[in-house]
Amino acid sequence: MQRNKISNRQIKALIITIVVGIGILSLPSDVAMIMENDGWIGILIGGLITIPFIIMIDKLFKLQPGKNFFQLGKEILNPIVFQVFLIIEVLYIILLLSYANRVFVDVMKAYLLETTPTEIILMTMLIAISYIARSPIEVIARMAVIIYPIIIIFIIFLILINIPNMDITNIYPMFQVGYKEILKGIIASLFSYSGYEFMLLVLPQAEDNKKTLNYSLNGMFVVIAIYLIVFFISLSQYGIHQLKREIWPTIAIVKEVDLPGYFLENLDGIVMAVWVMVIYGTIGPYLYSAGTILSHIFQTKVHDIFILPLLPIIYIIALLPRNLVETEEYLGKTVSYFSIVAIFIIPAIMFISAYIYNRRNSL
Amino acid sequence: MKKRTVALLILLTVFLSGCWDMVEINQRLFVSSIGVDLHEEEGMNKLLVTFVYPNINAIGKNATEDRKKYIVSTPCSSIFQAGKEFSTNVEYPFYYKHLKVLILGEDVIKDEKLTREIIDELNRDTKINKKLLLLVAEGDAKEILESKPPQGQITDGTIYNILRDNRSASRFTPQTLTNMITELDCNGVSILPRARKKGEELSISGAAIIKNYKLIGWIGEKENRAISLIKNKVKRELIDICYNQNILSYTITNADSNKKIDIDEYITTNISIELEGYLQGYKMDNQVNIFKNEVLLNMEKALEKQIEKETMETLNLLQKEYNADVIGVGECLSKFHPKIWKTLQNNWDEVFPEVKFNVDVKVNIRRTGLTK
Amino acid sequence: MMGTIQKDLNKNIQILKDVFKDCDDINYRFIQIGKDKRQVCFVFFDGLIDKQLISEYAIQLLLTTSESESFDMNTFKSKILDTIAKEAIAIVEVDEKTQIDEIVDSILFGETILLIDGVAKALELSSRGWATRGIGEPETETVVRGPRDGFSETLKINTTLVRRRIRDPKLKVKNLQIGRRSKTDIAVMYIEDIANDELLKEVFRRLDTIDIDAILDSSMLEQLIEDNHISPFPQIENTERPDTVAASLYEGRIALLVDNTPFALIIPATLGTLIQSAEDYYSRWTISSFIRILRILGGFLATLSPALYIAITSFHPGLIPTRLTYYVASSRINVPFPAVVEAFLMEITIELLREAGTRISGPIGTTIGIVGGLIIGQAAVEAGVVSPLMIIIVAITTIAAFALPSYELASGLRFCRFIFMTLASLLGLYGIMLGVVVISTHMAKLNSFGIPFTSPYSGLGIEEGDLKDTIIKAPIQKLENRPEFTFPKNKRRFRRR
């Protein structure tokens, strides 16, 4: 009675929950720093760039149906090259997890728990994600379906509460940005779109192979829409100057909302609650994939034995930067370089070699 | 199994070593308003900071004390430093998330450097509510905070309740911290409501004009109303004019204003204001006196003329006397004519007094009350 | 193995007497029949059988028939049992037995055994009949509108109650016995052309693996066959209502009825089915949808409200409106404990009261309720040990827990409440959220016979429109298909004409 298959809707939910993560907090401010009011162009194009890669990942498994990522990799690539790829992915995931956790802890400390030691928040979060990371992939998919409506409801809520006191004229002037800035802005926004590479592990388990592409693209469009909405809301709420000043504008705009007479006065509690879920939905799957990749490197049958040994490594790396600025400058930058390799180059190489391999075999 | 027990024990000891952020709700002091005054010109402790916090013992069913609030003040270098100064003589730590009102003394806000320090401190802090309402005191902020409320004390502060109540919006315009920063970012000018003492009692009316974090002058209620009309901030308002030697009262139920900038030789700003409302009062007469279209049209014309006049006067005052772009012409330019704005941006102070204004007011009297 | 039945009646009786040594409730009734005064013996347990039935339709009839001329035992030869069964016994079910084991079992089940001297077989007369409770109103699942009959302790009556609602030869009832000593009867009920074969196979497989001495209640069986027995949440639904069982069977689920238990088990159970109640389907869809939403809210309140109280009062008073903050602060001004201690104190008190109340029924139970609820609460507030707000919170949690139709689910959440309170006292709102995500993950991990526990919210059936019967309950006309999570073989439920 076991159906270890991932349904289409779960694929969509997975894309949304994994991709929407730490990026969403600072993205509006990051792109506004570079592109001023036209930050949305960077967000939009950055999102559209990922689409060919999603198509590539999807096609990859259609070229060789019935094989999972690891079997495919061993077959179409030189085994050593493939191992190197896997190691790069693992390193990327470890760094990303450390970075995400560190940012998470800093946000938590800023808004909820001021004097609780960083170590404690970090440790509890790691223990919590190790629970989901040790479960099979269907559980992650089910969890994604639970978290994804919460994100959507939250975004709708964000729009509704912001409508009464936002100044739409703040989004002007439009189209004032130069090509150079657009390029920089796109690069700045790309990191916020990382996460769809999880499809490499999910798609072989898909229940209905025909429609996966539709649903994963759908998921990506929802993500782009979420980012654009958040950008426009924070811009119209703040104006460009204050937006550039904020570190995490997405949380800060909620603090601007005035709902006199309602039960909740300071809404940052709600944001924090949603934020824990969002981060859990992002880093849980990442930790899972690190475990899975390691289990293939070391040829073990189960992935969960690697989860707990990974935690201290992530813990130590996350605590390395002295402050938030160092986190962004060292850890954040490294992760974004790694992410370009992990989410663009590796899937592209895989696809091209699979294509060549297929050609050669069919001749 | 043993390993699990050991891990659990370690976890437990870590957790039991402290509940770091736990402070009971009755062991905090909730600052509701802060006043900042100038203490001395030189030295570190330039500010005299006044904290107002409610007496929890005097709230609720089992109130045991009469005194509703406590007011403490101390000289210090910054607002949060003041909180620490007070820790030497108050029993519990202060909690800032329920801070609602900040009153800046006249002397403080005249000093650009001090104002910038205070605003940055507040804007940066994670606990401060960014919807914090700002006021400028004519005189000392401490005196305003110490003034007696007209009727019984409301738990979350009289000043806050007066400000939050938007129905009297045009006598003063409540200004939040973020909003002020945004306006100062865009225009370099913002207005903050003015608080002053009328005898023993407190009154909030008019506004202080802040330019580049510095007080440059005051405006009265009428000017404030005109600015509110232009900035589309009026929700409900009553306007009285003299019409045929009688007082004609007109209640605005809805106001809508639009700014449009034409650029040819000069920069011309067209402001159109459309008002909806009803007749509040005119005069008692023995026959039907106003239930005629032409009478109403005349009244509307008279109202339009008066409002236009007031608005133009205010604009003149802002342009010529204060050179303060309160109504946001620069902001409008930067949004809709970004190229021209780039050339004017740096010498906007010279350009603004030359800007031409066209004000077009449309008054609609929709109802006449119960009588003809 | 005690061998076969022998020809000599006395030997057989001796064997039985050895088996039932010191069982003083067993009866041996010897009579002599026919012309040759042959010894026959009825063996049965006193109290397990319907005495009137045996004396009138077996003993009396046998005696009178054997008086007649044509009834000559010696002529029957090997057909003797057959003839007796055909001519001299007027009982519905009669069966021939040859093994001693078999007749021992039959006697234990409440059948009567007829042993005849000189015949190496025994006749089993179906005579089960003991004092039963009869069909009463279900006590834990009462409804305003809907049928009022509930299961009782007798398996036969219970299966009948279900059968009356499904007059379809496809409704199958498979009987099993589980328990080495208790030999409890278990009936597996399903509708053959709806229930999924794999699910059915899995149910039988799990039932087969059970090796235990006794099953006293269906809850024991439930714990033995569920997927994760450590989890605080139930993975099998139970009900006292035959209409709920019938409705579940129509959904393609499988029901287990256990003898001596008025609670039937329904497999599989999911989060969706655990918040459904029978009445939802008997009321109009608007009100039942509204009540569903209330129930979900109740579930959250029952689990989280004390934890939120702790988090807000001790960690983040900035999250509630200013006036409320001042009020809460003033109400707590004389309370000597931190909010955590206060909350644990009150929650444990209320759990104690509840436990005491369920143990003692009737007037004393009511007294305990009044003393506990009113007097202790009042006194505690007046003494200043707890704040009045805490009393409200405790009342809300207790009432909200009862809003959930599934007692088991409510108990699971009640248990989680204490975890949440502990987490809230350590890490505030962040701790609560960690608990929420971890417990949701736990729920997502749970399976009920291979079916995701969180269906149809996140596991199965979203694609197919199962959500129409979860948070809201669509009108019957809209619930055209059976829910997808059971993989029914036949999907269509409602068809427009």
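A, B and C label the chains in the order they appear, each numbered from 1.
Please note the rule applied: a residue touches a chain if its C-beta (ideal position, glycine included) is under 8 Å from a C-beta of that chain, and two chains touch if they have at least 3 such contacts.
None of the values given here were measured: they were computed from a predicted structure.
Engineer: As a test of understanding: of all chains, whose mean C-alpha position lies farthest from that of subunit C?
Structural biologist: When every chain centre is compared against subunit C, the largest gap points to B.
Engineer: Return the chain label for which the distance between chain Cα mean and whole-protein Cα mean is smallest.
Structural biologist: A
Engineer: Looking at chain pairs A-C and A-B, which one is connected by more C-beta pairs in contact?
Structural biologist: More C-beta contacts join the chains of A-C.
Engineer: What whole-number Å value describes the gap between the mean CA coordinates of subunit B and subunit C?
Structural biologist: 65
Engineer: Would you mind pulling out the distance in Å between where the CA atoms of subunit A average out and where those of subunit C do?
Structural biologist: 46
Engineer: As a quick test, compute the distance in whole Å between the mean CA positions of subunit A and subunit B.
Structural biologist: The answer is 40 Å.
Engineer: Two or more other chains touching the same residue: where does that happen in subunit B?
Structural biologist: In subunit B, residues 15, 21, 97, 127, 129 touch at least two other chains, as defined above.
Engineer: Listing for subunit A: what residues touch at least two other chains?
Structural biologist: 112-113, 116, 120, 266
Engineer: In subunit C, what residues contact two or more other chains?
Structural biologist: 315, 318, 322, 428
Engineer: In the complex, go through subunit A and note every residue touching subunit B.
Structural biologist: 110-117, 120, 123, 169-170, 172-173, 176, 238-242, 245, 252, 255-256, 258, 260, 266
Engineer: Which residues of subunit A touch subunit C in the complex?
Structural biologist: 1-3, 7-10, 108, 112-113, 116, 120-121, 124-125, 128, 131-132, 135, 138-139, 142-146, 262-266, 268-269, 272-273, 276-277, 280, 284
Engineer: Okay, in this complex, where on subunit B does subunit A touch?
Structural biologist: Within the complex, subunit B contacts subunit A at residues 14-15, 20-21, 97, 123, 126-127, 129-131, 164, 176, 178, 181-182, 185-186, 332, 334-336, 338.
Engineer: Which residues of subunit B touch subunit C in their complex?
Structural biologist: Subunit B residues touching subunit C: 15, 19, 21-26, 28, 30, 32, 54, 56-57, 59-60, 62-63, 95, 97-98, 100, 127, 129, 155-156.
Engineer: Under the touch definition given earlier, write down the residues of subunit C that touch subunit A in their complex.
Structural biologist: Residues in contact with subunit A: 196, 198-199, 202, 315-316, 318-322, 324, 427-434, 436-438, 440-442, 444-445, 447, 449-452, 454, 457-460, 462-463.
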